[in-house]
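The two complexes that follow have chain A in common; it is paired with chain B in the first and with chain C in the second.
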Partner chain A sequence: MADSQSQPTAIKPLTEEVSAPGRRKFLSWFALAWASFAAATLGAFSLVGRFMFPNVLFEPKSTFKAGYPDDYEVGMVDSRWKEKYGVWFVRVAEGMYALSTVCTHLGCTPNWLETEDKFKCPCHGSGFYKSGINFEGPAPRPLERFKIGLADDGQILIDKSIKFQQEKGEWNNPESFLTV
Partner chain B sequence: MSFDFNTFKQVVTKGQIWKSMFRHGYTTDDRDRALAVLTNVFFHLHPVKVRKSGARFGFTWCAGGLSFFVFLTLVVSGILLMFYYRPTVEYAYNDIVALREHIPFGIMRELHRWGAHAMVITVWIHMLRVFMTGSYKPPREFNWVIGVTLLVLTMLLSFTGYLLPWDQLAIWAITVGSNMARATPFFGHEGPGAFLLAIGDIELVHSGDDARFALLGGRFVGAAALLRFYILHCVAIPAVVVILMAVHFWRIRKDGGISGPL
Partner chain C sequence: MASLIKQFVNSICSPVTIFTFGTGFLILFLSFPKQFTSKWVSGPLAILGIGFFLFGLTDPHFRKIVTTPDNVPIVALLFLMAYFTWYAVRKAVRNDERLAQGKAPIEKEESEQKVLVFPYLIFIEFVVALFYAIMLVIWSLALKAPLEDPANPTISPNPSKAPWYFLGLQELLVYFDPWIAGVLVPTLIIVGLCALPYLDRSTKGSGYYSFRQRRVWVTGFLFCFWMLWITLICFGTFLRGPNWNFFGPFEAWNVHKVVPLVNVNLSDYIFIKWLGIGLPKQWFIREAPGFLLLGVFFFVPPLIAAKTFCRKALQEMGAVRYVVAAFLLLMMIAVPAKMYLRWAFNLKYLIAIPEFFFNV
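Right after this comes the complex of A and B.
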């Protein structure tokens, strides 16, 4: 650019022989084109957004039957449904309750330590009594209990979509404890 | 209170955010309009000026541009499919079925498939056009070679993608297709010259180490072949294609823009 110091030259004005649409007409086509482009883009992005949410999930059901109360030994914490559904069954003399296997600190899965009679979380060391009450480590509140009841055929019926938190006094709710 | 567009435009385009992204204003002189293209990473491969005769649809058929457009749709739809597809024998076919039955807009997979067909067609049309207009002649002969390489890679993308549905059609098509690699000169165990590569009675090129084995990761189309074709289809070949396309577009500009009619 030898003459880059000079003033930029203005675009050449349209000459007589060049046919051009009027300003008003041009702007209306311009607006239509942009509106169409915006609509198509919006449609494409909403399609992609919807694509990311499948219509079918292959996850365990939130309600399930867990056999008969007699299948569980009194005084024991049962881990047979831990891996599939994330629930511990605790059978006590008066009945039983279902504990969530999600640590209330940051969501890891604690282990039931039979010999030490406690739930212990491997991530940060939170400890819980058999009842689910926290007593050591950073966990701020007790493990949650799920709705437990009996189905028509006498099997235990768990509904994981309804949970009971001790610190809210919800463990007094009869649905949080199955009296046998 | 009325909305003054020009004041709003001034506030936006004079601000630091705008100026940090765009070095040049869209002014009316030729120099800044050229710089607006040249200083943009997405545009700078493209010629600043295109000859009017060269850009005529009847001359180019827009086949190269259509090929690139279809390639972009294949990249977008392909990435979306990768969110659901798992390249293992256990899941591959079921995931393809799920893409149609369980996932909204099951047409996404069809879009990818039709796009693949369309790209093969447009790339061939592009090659035909370049040949018929004599655009392969100097100084464009190197770009012709790159273009032929891109054509082969397009076919390989289709070939590797063909196996991924993991149905009977896919498995036997790739079985038949990969059998051609047996006849590779020197590197295929049934190919010409392979028998020369032997030490005494020991064959150096056999069915366990030839070109076909390298392609399939085994002696037949199995789990290893599925994973290899997936990696080739989604990562390895597209990476090479993108690099060669960049060179291809850049060379158009360096070779004097789209060729004019003779």
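Right after this comes the complex of A and C.
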């Protein structure tokens, strides 16, 4: 490389007058290219952004009725609403509460293991007691509870839009527990 | 006899033993690279590895796991990685010996001979391309892609596994909070790899295999790649079963396997177990031991090293590069260190501040 440069070349060196307009012209092409690239990118992103606001949302209603407290066996975790609404019902002697089926680690759906008496997440192995308290694996906080109450007709009424988190002390809230 | 071997393998298989044994073997291998890459050692080791694999295939559970279409590439990866590591280190050993004798590396001699790209290189490339095309066709015909039911957010398969190249990170997620395992560590891997050529600017050993000329870097890289990436992928692929419990290679995946894993935080150990005074109310007192520990871990070793055995390295590298390199190395140690703490003491967090969602 080095010695080829030092050899005299046949190409006439560019003089200042020749190169200056050339450079300016080049720059303007460059600017045009960048501008169109930016415009195209912007257009593409705005199309993507449009997808963030779908015309219809198929989300189940956040409130639902879940039958009568007597439908649930004392001491059992009931998974009958797990698939439809993502809620476990835990019936204890004093009453019942509704646990969210979303693992607080990264959002997988744990399984209730009857024999081991715990919820266990299949993704990274978090375990939760029947109360929802996390005790093993990586989940940083307990499962959330939903607002639970009785409707006028005596059925259990769940409002999934209102959540109670234990680590914030919200499980003391009477709405997080249904006394029967 | 066979069942005795299986039982023995199952009983010694745990994250701790595999990780410790793997690291130990890697250190041994790199301490005696010449001996280990000679055919008298590497031959029997290869036979042992392949023999174990063939023996495993006689076991229905083992066979099922390794022949699952998703897992076949991981088996291949394991053997290929072992082969390439051996290949590179053997080349490095040869060059190191030549350099010690004052000769130039093999690559220098090779680069002095010239052949034409066409037809020699192109022909080889063409054959390889043909081979790969055929292999991929056969592969895609023989191993079916696992199509499952439409996604349903309320049903997570048990166990739920990420694509194989993410299984290492999924395994890390067991030990670290998502922002560390999913964001910080991957970022550090990428940034760290990008930073390598700026940290190690020695022109020695560029263009040819060598080990003696950059021992620290090669060792660090092999440790990260083998132990923190490949091993973790193998954990996730072969050894993690239902409920993300750890199973031996010949152990049937029992959904009801119970493993006691109750977590304890560092603050619990210190304030409840040792001092017996109960957890302090304020988080900054409660988590002070964790902060102290991390501070000591990240600041003291580089400072001591800078004064003692790394003084020359510090002079050569300058403060900024030294600090970056020290940080990356310490992170490389910190990740498995925390995993050991979990395995040994069920330690969950060194610092746990759920108040701010900051857990380390």
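Quick note on the criterion: the second predicted complex is superposed on the first by the 125 of 180 C-alpha atoms of A that agree within 3 Å, B and C clash if a C-alpha of one lies under 4 Å from a C-alpha of the other, contacts with A are read in each partner's own complex, and residues count from 1 in each chain.
Operating definition for what follows: a contact is a pair of C-beta atoms (placed from the backbone, for glycine too) under 8 Å apart; a residue touches a chain by one contact, two chains touch by 3 or more.
None of these values were measured; they are calculated from a predicted model.
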Considering only touches as defined above, state whether A:T109 meets chain B (first), chain C (second), both or neither. second
Which partner chains sit in contact with A:G137 here, chain B, chain C, both or neither? Use first/second/both/neither. second
According to the stated criteria, A:G95 is in contact with first (chain B), second (chain C), both, or neither; which is it? neither
Let me test your reading of the model: by the given contact rule, A:G67 touches which partner, first (chain B), second (chain C), both or neither? neither
Between chain B and chain C, point out the one touching more chain A residues. C
On chain A, positions contacted by chain B and by chain C: none
Flag every residue of chain A that touches chain B in the complex, lowest number first. 1, 4, 8-11, 47-48, 50-56
Interface residues, chain A side, partner chain C - complex: 82-84, 86, 101, 105-106, 108-111, 113, 115-116, 120-125, 127, 135-138, 140-141, 167
Touching residues (chain side chain C, partner chain A) in the complex: 152-160, 170, 173-178, 242-245, 255-256, 258, 261-263, 348, 354, 357, 359
Chain B to chain A touching residues, read off their complex: 27-32, 76, 80, 83-84, 98, 101-105, 108
